[in-house]
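Just so it is clear, A, B and C label the chains in written order, and each chain counts residues from 1 on its own.
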Amino acid sequence: MTGSAQPTLAGVDDHFPIGDPSAPVVEADDLVTWLRTPRGPARAVDGISLRIAAGQTLGVVGESGSGKTMLSRSVMGLLPRRIVERLDGTVRYRGVEVPRHDETALRRLWGREMAMVFQNPLTSLNPVVPIGRQISESLAHHYDMGRDERREHALELLRSVGLPEAEHRLGSFPHELSGGMRQRVVIAIALACGPGLLIADEPTTALDVTVQRQILDLLDQQRRERSMAMMLITHDLAVVAGRADEVAVVYAGQVVERAPAAELFASPRHPYTRALLDSIPSPVQPSHARLDAIAGRPPDLVAPPDGCRFAPRCAYVTDACRVAVPELVEAQGSVAGVGGRPTREVRCIHPVASSEGLS
Amino acid sequence: MPEPVMPGYGAIDDGGDVDVAPDPGAMTPTRRLGGALGLGFWLSVGWLVAIATAAVFADALPFVGDPDSPIRDVARKSGPSLEYPFGVDSNKFDVFARSIYGARVSLMVGFATILVGFVVGGGLGLLAGYFRGRLETGLVAGADAMLAFPQLVAALAIVAFLGASVVNLILALSLLAVPALFRVTRAATLAMAERDFVTAARMVGATHRRILWREILPNVVPPMLSFGLLAVAIVIVGEGALAFLGLSVSAPTPSWGALIERGRDSLGDAAHISLGPAFMMFLTLVALNHVGDRLSRRFDIREAAM
Amino acid sequence: MLIVRKLGPLAAVLVLVTFFATLLLRLVPGDPVITIGGFDARNDPERAAAIEAEIGLDRNVFGQYAKWVGNAVSGDLGRSFQDGQKVTTKIADKLPVSLMLLVYAQMLALLIAVPLGVAMAYRLDSWIDRYGSLALFGLLAMPAYIVGILLKIIFVEWLDVLQPLSLRTPSLLDAPGAHIESMILPAFTLALGLVPIYARVLRTDLIATLKEDFIDVARAKGLPPRRILFRHALRPSSFSLLTVAGLATGNLIGGAVVVEFLFAVDGFGQLLVSALTRDDYVVLQAGIVVLAVGFVVVNFCIDLLYAAADPRLRRHGA
C-alpha cells in the first residue's frame, strides 16, 4: 500500500474497483453513530473499529439496546438520514474508502458488494411481488442481464439456498411460503449479486428452533463457497459458538471484548462476557436450577454514566471503574495478529483472569 | 422495547436495539405559539364567532349596510372600496352587506342540520352502541344504506319535489348528517360502554338511563362535537351547491351559494360580486375544518392516553 | 361466490333508491296532471285519467312502483313533460358527455395527486410536505363552485385562453380540439376537488408502508429511490386510494351537476337541473335512478379491483 491517499468511490463509474485483494474485505475505524431522540442524541455506536477478512465470520454479540444493529447499519451506511445526529469514522471496503455521506454512491455498493439479511422474514418480503422478481430485481439493477438470464440466475440461487421445488416457487408470493423458506429467499436475495460482505442481523431470531440451525448452516456454507466476509449479529451467544471465527462483544455502543471465538468461550476476560456465558442455560445443569440473569437494566444510550458503562451492573466493580471509560487494550493471552493488530482486546481495568475468576 | 417512531423511510427494526422511546412529557406541545391548540385554532374560533355574530345581529351593526337597497352615489358594479369593501353589484347592492346577510341562511341551515343530526343521529347512536342487539344491527344497516346513497342527489330530489323551504333544506341535508353522526356516536359509545367506570356504575345498581345520561353521554360529546364541526362545513358546502343551482331559499337574502352564482356573468368586469361571498364562505369553511380537526386530534390523544 | 355476495347488498340499495324516487313523485306539491297537460287536462276526466294511468298514479305506491319497474326493464322510462321526448333518448344523448367529464376529472386528479402524495410522503416534513399540506387543506375548503369560479376568472377572463362556449359540447370525435377546450376547465375543477383527498390518503398509507421492513430490504439492494417508491411502496399503499377513488366516482356522478351547470356542459347534470327547474318529474325520477345505478355499479367494480390488486384476497375471498 503506497502512502498516497486512498482511492475513493467518487470518481468511479460503474464497475467497483477490486481494490487491494490482500486487504480485509471490510475495515471500519472509529465508527460513531449518534441518533436523534427527543431526550437528546443516543450514542448507538460510540467508537467501534473492526476488520473482517474474506471467508471469515465475525460474530457481534450484545443485548437488545447495545447498539449492535446500529453497528451493522453503520458499516453498510444504511441509516435513514433524518434521525442521524452524528456520523463519524471511516469504512473501507477492500481497501477503498466508502463515501458514507453520499447515498448515491452507497447505492452502488448496496446489494452488489455489501448485502444484508434482516431479522424478520415475514416482513422482509414485499407481499404483492412474486419472489422470483424480488430476487432478480437487484440483478436487473446492478447488471445488464436479459430476462431469461435473470430467471436462470434466480432459479440457481433458489436451488443453492435449498428451496425445494425452486422452479415452481419463482412465481409464488411470500405468504405462500413457510418462515424457514422465506428466510432462505431473503438470503437468496442478499446473495444475488455475489457480495463480498454479508451482514446477517439476527437471522434466526424469528424462526423455529428446528429451522434455526438449518439457516445458520446455510449461511456458513455460502460463506465458505463464496469466500465472503460475514458479520453475524445476535444476542444469543449460542448462535455464535462454533460458527464465528472471531467474536466482538458489544455493550452500550462500544466493543468491550474481542477475541477468537474458541478463546472467548474458554476464557472470557470481560465481566460482561462472563455474565453472558453464565446466563446460557446448560443441559448439564439440574432442571429447576436458577438461571443467572444479568442484574440491572440495559444501558442508557442518551446519558451514559461516567466511567465504565458496565459498572452499574458489574459484579466486580470498584471505585476506579467509575472514574473514566476504560480503553480497549490488548488482553492477556493475545498474540500479534494480522497487520500487527492484537488478537484479543478487552475494555476493562481489571479483566477476569480465567473462567474460574473471582467468585 | 418501544418501537422507535422515526419520520423518513426505513424503520429501524432493531428488535428494540436502541431505546429511543420519547419521553411522555414531550407529547404536549405547550411551547407552541398560541398554546396547546395553536394560534390558527384561536384565529379560526375568532372568525367563526365574528361571522356568526355579524349574521345574527346584522340589522343592528353600523358597518353593515342594507342588502336590498341600491346605493345611489356609486356606479354599477364598481369594485371594492373603503366604504364598500366588497364593492357593488349590478343592482347597486352592497355586496359586503349581502354577504353578511347571506351568512344567515348558510350558517343557520348548517347548524340546524347538525343539531338535528346530533339529536336524532346522536341519540340513536347512543342507544345502538349501548344496548346492542338487533336494534343496533337494524340501525347500522339503515345508516349504511343512507350513507351509500349519493348525497347531493338525495338533497336535490327532496328539494326538487318538495320545494325549497328552510325546513325542506334541513330535511334534505340531514339525510347525510343523521347517519354520519349516528356512526360517530355509536363508535364512541361502544368504546365507552366497555370501560370500567360504566361496569362499576352498573354494579352499584344504576339504571340504564342514569348511566347513559351521567356516564356515557358526557364522554361521548367531545368527539361528537369535533366531528360535528366538520359536518357543519360539509352541510354548508351542500347548501351552497343547492343555492348555486337556484334551489335554496332566497328570503330574506340569497345565501352564499346563490350570491356566487349571481356574479358569474360578470366575472370579467366585476369579479368581486362572486369573489366577495366566496371569500367569506372560504374563510368560514377553513375555520370550521381547522377547529374540528384540532379538536378531534386533541380528543383522540386523550382517548389513547386513557 | 365473491361476486354473488357483493351483489346482494348492492341490489338492495338499488331497490330502495328506485322506490324512493317513485315515492317522491306522489309527494310532489301541486297536481301533476296540470303540469303535464295544462289546466284543461284537469277538467277533462278522460284526459286526466289517461295521464294518471301513464304516470302510474291510478294505483297505490306499490302498484306504481311495479309498473315503473316493468317499464324500466323493458327500456321505457317515460316521456319528458317538457318536450315529450322519450326519456331514454334524452339520457342516452347527454350521459356520455358526463361520463367523459368524469373520466377526465379522475385522470387529472390522479395525475396530480399521486406524484404529490408520493413526494410528500418521501420527503416528510420538508417544505413540499408542509406547504403541500397547507395548500391541500385550503383546497379542501373550496367547494366546486368556488374553484370553478376562480378557474374561470383566471383562465377565461385574465388569460383569455379558453373561451366560454356554445350550447352543445363538441364531441370528441368530430372536433377534438374544441372538445378538449370545453371540457378541460370543468374537468380540472372537479379534479381539484378530488386531489386533496387522494393526496392525503396516499400520503398516509405511504408513510406507513415506507416504515415496513421490505422497503429497507429494497433499499439494501441498492435500488434507486424512485423505483422503491413507485414499484414497491406504491402498490401496497394504494388500497385506501382505490376505495376513495371509487367512492368519489360514485359521488361525482351526482356532484358534477354543479360543475356542468357552471361551465354550461351539455351533459347529464344539465339535464337534471333543467328538469328540476321545469318540474319535469318523469325525467327527474329517471335521472335519480340512473345516478343510483351508476353508483352501485361503480362500487361493485371497486370491489372486483380490490381482489385483483391484492393477491392475498383472491383465494380467501376477503
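Here is the rule we go by: contacts are C-beta pairs under 8 Å (C-beta built on N, C-alpha and C of every residue); 3 or more make two chains touch, one makes a residue touch a chain.
What you see is a predicted model, and the numbers here were worked out from it, not measured in a lab.
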Distance-maximising chain from chain B - centres being C-alpha averages: A
Top chain pair, ranked by number of contacting C-beta pairs: B-C
Chain A-chain C separation of Cα centroids, rounded to whole Å: 55
Chain B and chain C, separation of their C-alpha mean positions in angstrom: 23
Contacts with 2+ other chains: residues of chain B: 6-10, 13
Where chain C touches two or more other chains, by residue: 124, 212-213, 216, 219
For chain A, residues contacting two or more additional chains: 78, 82, 118, 120, 123
In the complex with chain A, residue positions of chain C that touch it: 124, 212-214, 216-224, 227, 232, 235-236, 309-312
Chain C partner contacts - residues on chain A that touch it in the complex: 76, 78, 82, 107-112, 115-116, 118, 120, 123-129, 137-138, 141-142, 173, 175, 186, 189-190, 192
Contact footprint of chain B on chain C as seen in their complex: 12-13, 16-17, 20-21, 24-25, 27-29, 122, 124-125, 137-138, 140-146, 149-150, 152-153, 156-157, 210-213, 215-216, 219, 233, 250-251, 253-255, 257-258, 261-262, 272-273, 276-277, 281, 284, 288, 291-292, 295, 299
Interface residues, chain B side, partner chain C - complex: 6-11, 13, 145, 148-153, 156-158, 160-163, 233, 237, 240-241, 244-247, 257, 260-261, 263-264, 267-268, 271, 274-275, 278, 281-282, 285-286, 289-290
